[in-house]
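Below is the structure I would like to discuss, written out as structure tokens.
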Amino acid sequence: MQTAGDYVCTVLSSRQVLPGVFSVEFESPEISSVALPGQFVQVEPSPGVFPVTRRPVTINRLTESGFELLFDVVGRGTQLMARFLPGDMVRVMGPLGKGWDVDQDKTWLLIGGGLGAAGFQFLVDSVRSSGVIIGASGADRVIPVQAQTVHIVTEDGSRGSRGLVTALISEELLARADSIAVCGPVAMMEAVWNTIPEAHRSKVQVSTESRMGCGWGVCDGCSIPVSGGGYRKCCVEGPVFPGDTIDWKRWKEAGL
Amino acid sequence: MSSPSLTRKFWGTEFVSPVMLASGTSGFGEELFKLGCLTGAGAVVSKAVTMKPRSGNPPPRLLETPFGLLNSIGLANPGARYVLENILPAVSNLPCPLVINVAGESVQEFADVVSVLKESGVHIGYEINVSCPNVAEGGAAFGVDPEVVFRVSEAVSQVADRPFSVKLTPNGGDMVQAAVAAQQGGASAVTVCNTFLGMMIDWKTGKSVIKRKVAGYTSPALLPLVVARVWQVSNAVSVPVISSGGVSCGQDVLQLLAAGAEMVQVGTRLMRRPCAAGELLDEMKKLTGEQ
Amino acid sequence: MSSPSLTRKFWGTEFVSPVMLASGTSGFGEELFKLGCLTGAGAVVSKAVTMKPRSGNPPPRLLETPFGLLNSIGLANPGARYVLENILPAVSNLPCPLVINVAGESVQEFADVVSVLKESGVHIGYEINVSCPNVAEGGAAFGVDPEVVFRVSEAVSQVADRPFSVKLTPNGGDMVQAAVAAQQGGASAVTVCNTFLGMMIDWKTGKSVIKRKVAGYTSPALLPLVVARVWQVSNAVSVPVISSGGVSCGQDVLQLLAAGAEMVQVGTRLMRRPCAAGELLDEMKKLTGEQ
Amino acid sequence: MQTAGDYVCTVLSSRQVLPGVFSVEFESPEISSVALPGQFVQVEPSPGVFPVTRRPVTINRLTESGFELLFDVVGRGTQLMARFLPGDMVRVMGPLGKGWDVDQDKTWLLIGGGLGAAGFQFLVDSVRSSGVIIGASGADRVIPVQAQTVHIVTEDGSRGSRGLVTALISEELLARADSIAVCGPVAMMEAVWNTIPEAHRSKVQVSTESRMGCGWGVCDGCSIPVSGGGYRKCCVEGPVFPGDTIDWKRWKEAGL
């Protein structure tokens, strides 16, 4: 089932939602009509030939005639993307990858660290959720997610409770969820994994990140180390994997 | 010089264009076929196939530089037998010919892979990747020593039932002599050339982000290096030269054809533009006025 | 790794920065001095000097490509004696040390040029350019054969009264072995490396605009190729490595220092920015926090 | 005597004077106060690193607070320069090279072909001139020069007389001039040289063009073949040379 395509999409809006974090809306009925939560797109950050690869960004939510991305400015590519203006025509390939294994009958607990929560809105809009835990370094890094129950925790205590996401994970929350979505930096995801008791681990799905060449499965560049040895391709076998698929130790060693 | 014709017969097969999709940048063609991106592609060259399955190098395997890309994939592939039994049958319906890129750690391994794969009728030929380290004889790349290139080429030609190209390395040795040796060993073409050795270091840590430290570097800015090598090699051998490296627009393809290439591969550009084959062909037709 | 100090003592001389202006891109330093562009320059490397005057290659000698520059200067220079008598006295007041780049068509010529120039006290050392064709022995570049590199290095060390670096070629052969040979022959440093062979063809005419067809190619996009070679060579020799190639910003210099270079040359960037030495130094200080 | 410097100059105006030919005025008292007719500047066509060299352009005339360039859009560099807007800050090195050997007591005849006449205004404004001959392919390629006597000739006859500049060169015009300035494509300049009788040739100065690396004498890239063998550097020994300095045959073979 190949539903992805390479489209020239019109930018509908662009705004800074947090310092250095941008929301860009693209018009694309083609992509939004087939996209699933947790899938991503590959964006051409510039015309011309440099940089030589695209930039992978998760679909944060569907909009009336397309979809919205939420991204942090970290380097050259995202700097260029932060300058997209309404009316710009941008080449976007998508939707790509395997998103959250969604079953409408299940209740989800979402746990996001930093920009890992970019992409949660689409999942919240698509499933029943019992809670969303959002962690960030400070108030100015808390990704906005509209949901019934949102728990916010910041390292400096500037918004919500002070601490790390793991502090908010309780047996009660875990028990109420049939599925648990985790997304954030590797160290945060591993900490969450380690905090969750064995009994609940089979519910856990994690969304991974890896440096990508293509994004559509041809270059073998985006490997994620998996339990029992070997690798899976983040771009087509992921980015979402069952939590127990990941070899946390080798993945941390890998770096990004 | 009159405008070069863009369709061609190569290795006895009709090609809709001189553009081949380079090894390692288009899998076995299946994904790009599904994306509708094989229009305009003369052929697909598969990722490298070795005898045994290889899981490849530890990540990160890719590192973008301001003007190019470093890759350290490590010949990740499921092994010749799996390719024969599971992958080739699945790509028998590609709209363009398939060439299989073959790698090995010893002269014998190249021949062994070809022996396994020749049971399939799906591919039209092979590309022998002599840029990989000759583990059996000290670890330098096969391709830097013309004598070893000759032996690899000869070993493959003894078992191959289809044409094959030897893909040379630009990292040391004399590429022109290596090309001549490949031809003498029985190669039906030479590919000029594999990636240039490159590296990027984080000055703050003093370390290479890529675990193997050095990696294969590609960039559209390398085109003049490839043009020079294609020109030198095509003046020295009588077999066709397939260029590989540096292509980012239709004019680049025309330049490589003018330098003596019979076929022109495109690789890294596919990371930005998976449908590059068709785009390049359109650009070329516009430039040459061909319909 | 702590921030590298930017001033340094090299060859017994104090350098205000690790940045050297590469051979052929700053004459003998006089023009840039008058332009006020030697601020921040650790040293100037002169254009190549040969025994006899050479008028150089037929024009055009330069050809810009979309992402780089091809040069085919052909070692144009007025000859060692003229340099000794007329040029060196005129540049005795440069604000930074001068290194003289020496070229030749035979092993003997390198030694002869050094013998002539050592009558001057103006320069602090030599850079021996073994990328030029060894006319006396068949025309391949001296630098591709470690044995020949050893002989050149030895011949120079027998006459030189000052330190010298051997500037290696990336076009064929094994650069690491060549570096080791240069050190064994007595070189006080190695320069990694000269320009990569490149070519550009006009696809409409099928011809190279540059009469010699192939030329030396430079581009900021070649940085990863130079980083890899500096890293390999600096792991194999004990003499200091001077990098040459690919620098366009302060971060590039820091990366080359992290790769093992003791000094870092900048060439092509001077065509856009004649005062690049000072600009690079400022950028580096900003990055490392050094005052 | 080194008077050149590398300055960040403000663009004061930019306009298209003929199809594809742009006039750009820069503010630069530093350059205009020392510039001499026939000298050129090296312009950075873009920020960043590509293209890796600058673009040489002759100073067409001095203005109140700077100077004006007149250039044809032929490739990537000049395409970028055609997009300069008032207020842009552009790095310009100059003035460079040896211009016309000017002696205020002499009377000049100027002969320009195509864009070769870009630069004539500065000379006309600086010396006594007996006439300016301007040749072009057609009316839309005639470089504007303000002078007392301007003779225009076009190949298609769309402006002035029909033909080549050489047709307008008469013994009378030559005799009235003490100095003759020639600038244009190599073939045009050679034809003019051949048309001028021996007796007047010592008055002739020609302005040359060559592909440049630096523009300030350090790279030896800009060689012009000279009579008797060898080369001169266009950028510092030229771009203006006495007509008899040039080896026309070798220069034509060279191409650009």
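Just so it is clear, A, B, C and D label the chains in written order, and each chain counts residues from 1 on its own.
Everything that follows uses one rule, which is that a residue touches a chain if its C-beta (ideal position, glycine included) is under 8 Å from a C-beta of that chain, and two chains touch if they have at least 3 such contacts.
A quick note: this is a predicted structure, and the numbers were derived from the prediction, not measured.
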| item | value |
| --- | --- |
| For chain A and chain B, chains touching each | none |
| Between chain D and chain C, distance of the C-alpha-averaged centres to the nearest whole Å | 34 |
| Distance from the mean Cα position of chain C to that of chain A, given in whole angstrom | 48 |
| Geometric centre distance via CA averages, chain C-chain B, whole Å | 33 |
| Where chain B touches two or more other chains, by residue | 66-68, 219-220 |
| Graph class of chain-chain contacts, one of line, ring, star, complete, other | line |
| In contact (per the touch rule at the top): chain pairs | A-B, B-C, C-D |
| Partner chain D, residues of chain C touching it in the complex | 24-27, 31-32, 34-37, 47, 55-56, 58-64, 66-69, 71, 73, 76, 209, 218-220, 248, 268-275 |
| Residues of chain A touching chain B in the complex | 2, 4-6, 44, 49-54, 76, 93, 210-214, 216-225, 229-231, 236, 250, 253-256 |
| Residue ranges of chain B touching chain C (in the complex, touch as defined) | 1, 65-68, 70, 144, 172-175, 196-206, 208, 213-214, 217, 219-225, 227-229, 231-232, 251, 254-255, 257-259, 287 |
